[in-house]
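Note that subunit A is present in both complexes that follow, paired respectively with subunit B and with subunit C.
Now for the complex of A and B:
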């Protein structure tokens, strides 16, 4: 995803930016070929479509996509929603990842399995699950009415809140996994050292564990943000018209209105906006911490 | 306790800057372990561990892995509690205090430097945790960097330092707040021999200057002999013997200690007759007025340098041996040889100019003073 901006590494060779010897570059060949055919060429073609007007090259699609109007509103709405979902994933996932990483290794396997189980279930099924839970006659409403907390059913489905809950639920395991893998590289004896040198458990966490795990949290944020940008089914099923995502819009252009030019332009704008936000976050992190992120020494 | 400023440009030899020590010495604390017991599941790591460590002492806890030495250190540091017993620092019980309230300096085996902090920030950490004013932090860190001669590296990150430099940073971080007690858990284990020997000297020197009490944990008996004022040998969670390095070497109280500390020849001894010692593998029987009739597994411990080729006053025990191997080590020659009774023994002699080195297969005669034979029981067999 990002250019390895905050990936954990072993702190030795990689930290010094050592170059791989040329003779081993061929190991990258299969991935490079695949990447060329399934990503670079299609995106290039999409980019070409996006600048084609009735008569040759034209910026009209971009004018439509970015000019004042529903498209721009939906684009900003998508960025805003993804931003919020990514932040929520980090806030909810960080304590869980911390808990997992503090378990002895042999106890982790089962817990990790529990966290990963939802990933085996299709996003579609999980989203339908939320319809069942949040619907007018769904679990939550029946319970609330049952205990007399509310008189009539609350409108929960087809709201922004429902989209948030469903998207966070889908993306949370990914966020936890990324942060967990960084946290396991943090040497626990560093925390012992902080204690004996005078830090309370809380200050040891703030001064040692938090900065060392921040790189993983930033990575998890960027990954969930990018994944959220492309969300399609979930907002369409549990959100209202206001929660239309740019991905839904692109699908409409391509499959219904057959305006491939506008659809392509929206796709390119989404790609660039995603890169811009992720790049800005990565730069900000580097500026704040003074380093490119790392995961503690062994 | 007010640090003095340091003249950074003062030339000095070696890696230590003696002028950089403050004149005000921290006073070491007294540490008392009172019947400390700690078990992990069904395994008792430490049995009734009682020990008093005096102020300013350099005490080494020596043992192999699983002997309980790290358990004892962790109990003192506060990382793991004790199942029973108490630990007192300067007469005050600390057993219920968390590590951060015990005011101990500690150097870890893997140094445990904070990888996201510069050398300066690593060393400043304990001072910041104690909310020292900024000016005092700067002053103290600079001074301690001078002591360990790393002033030029203050802005480096730990990963850019060599192992020896990292070790020094860890050491500086542990002493910067002048703790009355310094704990060291195999601090030299990861370094090569030369560096280890140089740092042994430095650590001793700094401890001497600071006056703090040091509790040092190692499995390396040579390190223990070289650095300690007293050594505690632990075995299976119990104290085998406590004493100065020379006591441990000259008067081991058990077969285990005799074997563990220094090199020695251990030969079965028969003490069943009062006043007489019989070492059948040497073919030697001698009178020992003090010895009482004792049963059980006893051994004669004979250090390799006590067996001599030249006759000497009082060297009444004569042993005929066949040379198996002679190893030339420059100033000393080490031999392995077989006695007429089939035992393989080792001896060592200072090399003199015109000495002819006996060849393999040659039969020679060795002499030994009865007073150089140390009789030790095998506690594992005879019981404690």
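Now for the complex of A and C:
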């Protein structure tokens, strides 16, 4: 799960990797074979489709996908929405993960269970739940009208806000879980030491806990970002036209217009864009924390 | 990598072949029908499949699909044919026949008495049933003393205010827009085929766009939106609206200007059991008693005129192919859409984003 970023404070990990004897590489074989057949080969074939024109190789599908027009707009919209959703998941999830990690282990299990329960309910059901809550005659509107806060129903459904709420709710448990697992590895006696040396709890948090847990937060961000990129049921059901996701367009090309070349090109572009954003964030994180980590150790 | 793919498909073929051999040895004849799931699959099971198996000994398996055309294409390009019968509605039929993915229907088996009209008797498909995209109206939200008559009123947000929903697809909506703009239902495709036609439809759609709170994608969505009061006017499949009426919701169907869509079924090229597939088509989709039973179970009806000798007048008036309802609707022109969808779809996406 944490293959995205090498932990900057964990130099040992890389060193251990180098020292690993080659003979244990076979441990990777089952995963590698599976990955090759169910991921690399199919994606390779899709990439081939995307460059096949009427006569031989052609970039026409990429011109259609990336040239000015609806596809480019929707691609940027998808990246933007996923970026926002991932940030919201971290902002909302970080305090929850912090709370969870600072409970005694026995209480944690129950709390973790509570956070994980929503994952067992289908995304579709949860999305329809939001339709009931946010609709014109839904819970929130009935309540607002009932207490006289508004005269007529507010349009909450089919807005960007509704998509944010629904997607964050679906992805939040994942974000919390990733950050929580990093936070439990942080040595709490460091915080105690800072208090003994006269630091305020806030200062201890900012200078010790935050940098040590930042790797987990970035991993969680990247995971939720990548998952959000592929969403399409939720935005289609609770969002408006401006929340069309690139995944919806790909599905249209594959099943409706049968333009598999364009569908493949859109898929490849999404894959590359996803890699690019995640890679850029990982690099940025390494540079920033590399500096602050250096400063901290002095 | 090509080599790897090749060896992979050979491997699959060997495994698949072994499965065939095992099936042939067991001596049981069988056919596989790809179908949309849900109530339609259950109805088919009860009215056609179970008695068919009892009478003939041929087992019939239904395979659920949501994207028949894409799967037909996959099966044909990989030469791994899993289905005997597949739904080919909308662009499915013209695209699949053009590409040579279908077996011709043997009409001497499927319709020996020549009962079906041409629309249901295609070279490569039988029109099993028809369904309509109609307007569903929440009668309790109608303005006092006003009666809602069709597309002109759907577009008239002054007289009939309130949120609306349309399907997220240019097919049908361009037709509806033209009817709202004064084109006769029988003329819509002539206008659409003229150079100015598509522009005119999009211009008319511009007018209604602000009143469309949501563009629906799955058949159950508009019904849910009507039921929850999220919208007052919606396009929806006739059978779904009638389900709401059975649930005692104040909802009315407007057949006027509706789009009649034929649910075609075809036999795919290379199917294992073409002969029994033809037999099943006759047994299920061209036998008036069973078709009448299907129409009673779900308000979707065949083009075989003999079913109206069995059904009462009351039952008939709820059906898309009853003479009175046929007259006020237009038949969706799947050939027009097979030709023009890729081009218009792109314009549609751009238009929705504006």
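Rule of thumb we're sticking to: the second predicted complex is superposed on the first by the 273 of 298 C-alpha atoms of A that agree within 3 Å, B and C clash if a C-alpha of one lies under 4 Å from a C-alpha of the other, contacts with A are read in each partner's own complex, and residues count from 1 in each chain.
Here is the rule we go by: a residue touches a chain if its C-beta (ideal position, glycine included) is under 8 Å from a C-beta of that chain, and two chains touch if they have at least 3 such contacts.
Quick caveat, the model's predicted, so the values are computed rather than measured.
> Once chain A of both complexes is superposed, is A:194 in touch with subunit B (first), subunit C (second), both, or neither?
In the superposition, A:194 touches subunit B alone.
> So in the superposed three-chain picture, is A:236 touching just subunit B, just subunit C, both, or none of them (first/second/both/neither)?
second
> I'd like to know which partner A:74 touches here: subunit B for first, subunit C for second, both or neither.
A:74: touches subunit C, not subunit B.
> What residues of subunit A sit close enough to touch subunit C in their complex?
For this pair, the touching residues of subunit A are 37, 41, 44-45, 69-71, 73-74, 131-132, 135-138, 155, 157-158, 236-237, 240-242, 244, 249, 252, 254-259.
> Please name which positions on subunit B make contact with subunit A in the complex.
Its residues touching subunit A are 77-79, 98-100, 102-106, 108, 110, 112-116, 125-126, 129-130, 158-159, 173-174, 177, 183.
> Quick check: in the complex, which residue numbers of subunit A touch subunit B?
11-12, 15, 187, 189-190, 192-201, 203, 207-208, 211-212, 289, 291, 294, 296-298
> Within their complex, state which residues of subunit C touch subunit A.
Touch residues, subunit C against subunit A: 1, 4-5, 8, 66-67, 69-70, 73, 91, 95, 163, 168-169, 213-215, 217, 221, 224, 228-230, 341-342, 345-346, 349-350, 352-353.
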